[in-house]
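In what comes next, subunit A is part of two complexes: it sits with subunit B in the first one and with subunit C in the second one.
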Partner chain A sequence: MKKIIFRVDDRLIHGQVIEGWVKYYKIHRIMVVSDRIAGDSLQRMIYQSALPSGCTLEIMNVEQFISSFEKLKAVKDYTLVLMESVEDLARCTDLIDNDVYVNIGCVACREHKVEVSNTVFLDLDEIEQVCSIRDTVEVYIHKVPWEPSVEIRNFSKLLKGGL
Partner chain B sequence: MMVGIVLVTHGRFGEELKKSAEMILGSQEGVETISMEYGSSLADVADEIEKMIARYEDSGAIVFTDMFGGSPSNVAMAYLGSKNVEVVSGVNLPMLIKALGLRRENKSIRVMCNECADSARQSIIVAGELLKETS
Partner chain C sequence: MKSLVTLFKSLFYHAGLNHENMQGTGFYYLLKDAAKRNGMEIDEKCLESQRKYFNTHPFLVNFILGMWLTEYKNGSDPETFKKAYSSAFGALGDSFFWHSLRPFSFVFAAITGTFDPFLGVMVYLLTFNLFHLTFLFTGYSLGMELGRDVIVWFNRIGFNKWPEHFDLISVFFLGVFLSYMFKTGAEISVDIFFIAAGYLAMGLILAKKLDITLGLMINLILSGIIFFQLGV
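For the complex of A and B:
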């Protein structure tokens, strides 16, 4: 596994992250990147307390994350970067290269969304954003580490089929 | 009116837990369940919790969640500031049964929650260890 894992997960820290990613890769460092959480002291407190023991958590908005990314690349430990939406991931497109593992874990179902997997539901804009990130690196649907990851290949079909 | 009990869990665990408790104690009023399934949105779950606790505005409510740090628990904790709401994580059958019994005793919600947590802790027993102690 690459040292920096970007994960889109609208639940941020939750069961799959705690029991899955953190334990499997012995991750000590989590970053929650979200404008919404960074500006909400109650939500910050909740995610801080939800943290598995032995982990540090940094919570920041997307701008702060982008400007501090160079420092992150120098760190040797695994770092799990959690973002709430494909849109936030797309804002970080310039940071993504082959040293970053990009996965989409959970995106809730809403109106006008297509079921990409049993945990991931995307709309047309999100699919286009993922497609453009995929021009640089592969993007995987990956719920928990021990389940097979699925590379997103069939999007052009979804796009052509109309949503 | 009795304190409301709201079970918020991964999957249908809460619904089944309620049914299991009812097998033992008979049918129960004022026990609500919210299931977080694959594809559920956090906002929808939050709305449901809000609706449920509003129903018990006068009596107060205890929200039981299955695992601290899991999303049912994270979402529920946002309502801690609300009047007369407490959140207890790590719900199991003995804990729920304890809560259903305590509801008749007119205790404060915080006291109820502490007693539920104690009862759940005490319910966890490694049977082999128990035998070693008694032999």
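For the complex of A and C:
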């Protein structure tokens, strides 16, 4: 497994993340990248309180994350970067290279979204954004480490068909 | 009384689980009922929106329910905190109830079950449900009382450290139990004792450093060899 994991999960820190990713790969460093949470001290405390001991959490907005990414690449331990939406991931496209494992864990069902897997529902814009990230690296749907990952293939046929 | 009714209703909350809105239907059901019993009028559109995606640990849902009602009553936005708490409680609940409390209850059930199998089953159900029902019972009133600050209560009791403490107790009593089984099941010499302790330590190191399944497999294979040699 690559040392830097970008995960889109709209639940952010959740049971699958802690009991799955964090404990499986013995990850001690988690970063939550969200403009919504970065500015709210109580929400920061809520997420901080959900972590097991020995785990550090950094919460920052997307711009801060992009500017501090070079420092992160120098660190040799596993780092789990959690993002709330495909849109946030798309804003970080320039940071993604072969050293980064990109996976989508959970994007909840909303109106006008297409069921890509039983936990991932994407709308037209999000599918286009995922397609553009796929030009650089593979993108997987991967709930927990011990379950098989599914590589997202090109959606172009789906898009041409107008969903 | 309100907490008792909410406790009873929340036992059915998980029945509406589906992969589109997860527990959204269950939360809508609990919220509508709790608001009615509290004499609160909730805007119809707001109430309907509660059917949307929601997912948390089912044993901690009453904390969110109480928090939501208090925040709504105070005129603030409960949705932001509902989302944050649902995620955080999902992590806390999974770690404690599924991954620590179940093995913890099992160890005590196994110990008592060797004397009386029925007693073992009862001990499991009582130990697990003592925590399960206590959290469901107290969650609603604490959520109502503390509102958005309900996380302070979890921090005060150090809930994120409970899985670690419970795991330690489970492992200790599992050791006591296995030692007792060994002692009563076979003639144990000092050599055999140290070999057994050595492979147990090796299994733990493997589990910690590499993989818990690999550690368990190696321990089981070695246990089989030792039992075979002892003629157990």
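The rule is short, and it goes like this: the second predicted complex is superposed on the first by the 162 of 163 C-alpha atoms of A that agree within 3 Å, B and C clash if a C-alpha of one lies under 4 Å from a C-alpha of the other, contacts with A are read in each partner's own complex, and residues count from 1 in each chain.
To be clear about the criterion, a contact is a pair of C-beta atoms (placed from the backbone, for glycine too) under 8 Å apart; a residue touches a chain by one contact, two chains touch by 3 or more.
Everything numeric here is computed off the predicted structure, so don't read it as measured data.
If you put the two complexes together on subunit A, you find that subunit B and subunit C bump into each other.
Looking at the shared chain after the overlay, A:Cys109 reaches both subunit B and subunit C. When the two complexes are overlaid on their common chain A, residue A:Tyr78 makes contact with neither subunit B nor subunit C. When the two complexes are overlaid on their common chain A, residue A:Ser53 makes contact with subunit C while staying clear of subunit B.
In the superposition on chain A, no contact is made by A:Phe65 with either subunit B or subunit C.
Note on the superposed arrangement: subunit B collides with the subunit C stretch 109-117, while the other options among 109-117, 163-171, 199-207 or 217-225 stay free of clashes.
On subunit A, the surface touched by subunit B in one complex and the surface touched by subunit C in the other have residues 11-15, 18, 42-43, 46-47, 49-52, 108-110, 118-119 in common. On the side of subunit C, the complex with subunit A involves touching residues 19-22, 52-53, 55, 57, 80-81, 84-95, 98-99, 148-149, 151, 154-155, 159-161, 163-164.
Subunit A makes touch with subunit B in their complex at residues 10-15, 18, 42-43, 46-47, 49-52, 108-110, 115, 118-119, 121.
Across the interface of their complex, subunit C is touched by residues 11-19, 37, 40, 42-43, 45-47, 49-53, 108-110, 118-119 of subunit A.
Interface of subunit B with subunit A (complex): residues 10, 38-44, 67-71, 73-74, 77-78, 81.
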